[in-house]
């Protein structure tokens, strides 16, 4: 993150696309003020694009998105990249199949994260999208790749494209930024419904074989 | 669901009407991403129209609605119909008085569904619209007509136009798509109010004779 | 409610004003579908204007508001008046100082109503506006003036401009329709905050002398 | 607050800026009806600007903002200043480093305030912004500087730019009105997430050394 910030206007179409995807984060109430970010790998290059630090969602155009290399260094852009850039970079280096990532502090999911408690798979929509519970990753301080390492380790032990980082928030991955945004939206949706259900009793479990059947069908239909 | 997807533009006015009704699902927060769907029987024909699978609510025009026969086979349209089409088709075959249906995963109602717990009738507005508790249907996997069978069986034992399918979500029926949409909106509304009430104690029961009187008056005034 | 429905266009300015006030009910999430209504006394005449029955909030103009006499009979308008008209009429007959009324099923307030539990005065904003707890009125069936009687009896025993009718919802009154709308908005606001506070413990009481001082100051500053 | 209300149009740019900042209070649901207010010190003068009393958020332009001296007396404007003006004035007199303030009754934060319970620091975002728990100030009646004294005393014992005044609501401060608005938005955000987390168990604590490290990094990056 030490390169000079200069705007050359490369990857402008993809940056505009990623900028526009942030509108889903505000639409679904996943972010507050300038928190939260979406990133995406640049096809065919060892680069990714990511939201600039402290950029308001109202003003977000392609110029609010910065191009970074896979060490998190700035390659193009006038905004310092998100303070979560090191975490995104680590995940891209370690998991080449991941092409998009999202980070939020969405309230219901972060409430589970604050307790360090995974979200149990008690909804058919959750079996579809996550294939089981949404797991919890370790507590990690920002500032190096410890968040990224926690995300990668947790994702490798799960079918879920989402991780709840302890006392922190949500990280999701996908084959595109759009898929990672969908996973972030669905994470908050199921975090809320399961929370509400638990408040008045115990949600009924879904048999593992049914979870497996639902997940297999959904991944086949919608491809992931 | 094996017919070729070709667009002939039949039933365009009704498809536009059903497309527009989906705006009530987003307005009231009943749906997330592309989940949820509305369908309606075509008057005088053994057909119904239903939302296409994975179509965004932002882009929903008549072309996002597909025409199906009562076995769920595609008759006209360029979008694969909703993956819930088999359930809708089954209900239309078994219950000819049903002319419209809605399916959502609205959060408060689905929270009750995840516990497999009916919503007790403790609000006068609920007695009006539902005539008693909102019942729970069985757990059923998607992919054949087992969801539709569960909906039909549960509706037949109840005055309610809404069923909470276990661990899944809400199915509503009505004499039109608009009536089924209203039932879906009211289901979430009463699911939320009764949930909130229960969090701090026990809602007071309404005498069965009062529930009956309210239901009779409301159905007479608003016709259903 | 037996007069012929004909539109003569009288009281058009006031009807437009009352129609526009309904936008506050939707803005603050107090109403669902077509439920809820605002009414206001016509100055200098034994009349009031009230929302038509089943009129959508999207389409609400002066023509959706009907003019009634103080027995609830229609004097001017093409829409059958709200099914709550008898209740409004009763309150206007019994309490001449009441010039505006609002009825909603707003969710948090109705959750207290379903338990038949008054909202305790544990917020300074509640002392300002309500001068004490928001009281609960009796269970009453719609269709005669039993709801109106319950509202009047409960209001007379309280400083509060709002009543929670058991298992039903909220009725508010004021020196104008706008004041009654404000009371309805504030009722849901304090119903929610006190609900949230109670979920995790016991809100601290406010001394009666402080409630009295806050109420006296606020009523003096804002006049009511 | 005894000066004559006359509009001379001084400080018009700053008043327009402060008027516009109120839009963040409505966007994030922190205020209801006309409650809540933002103020800001005028650079280089012993003055501050603050929202007028009872001004609607819909109509808020620079003319809805009044200029006051540090005793709360009106210097310019046609609107009586907010009834919280004495509290703002007291804080500006006692804490010259404070250049902006916000007051709200935002629901989740006020729910903590009604119990007189501080919000524990169990989220990394909370460590960043608040550097520890959000503290509770005393119960105080409006009408003199007792609210202001409570705010100042509580802020001096804490890193937090926000105080929960008992049974009342939120007061935040910052080096600008915008910073105080951000603190008010983040206060409600963390109040909600910690509330939700506590409903289903005990959030995990964050070690004090980690809170300190997060706070030091964030204050360094974003300056405060």
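Note that the chains are named A, B, C and D in the order they appear, and that numbering of residues resets to 1 at the start of each chain.
Here, a contact is a pair of C-beta atoms (placed from the backbone, for glycine too) under 8 Å apart; a residue touches a chain by one contact, two chains touch by 3 or more.
Small disclaimer: the values here were computed from a predicted structure and weren't measured.
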Separation of chain D from chain B in steps, with touching chains one step apart: 2
Superposition of chain A upon chain D: rotation angle, C-alpha, nearest 5 degrees: 90
Same-site or different-site touching of chain B by its copy chain C, using the half cut: different
Separation of mean Cα positions, chain B and chain A [Å, integer]: 32
Chain A-chain C separation of Cα centroids, rounded to whole Å: 45
Touching two or more other chains - residues of chain A: 199
All touching chain pairs, where touch follows the definition stated at the start: A-B, A-D, B-C, C-D
In the complex with chain C, residue positions of chain D that touch it: 32-33, 35, 53-54, 83, 105, 107-108, 110-112, 114-117, 139, 141-143, 166-169, 195, 198-199
Chain B-facing residues of chain A, complex: 28, 122-125, 182, 185-186, 189, 192-194, 196-197, 199-204, 206, 210, 213-214, 217, 221-222
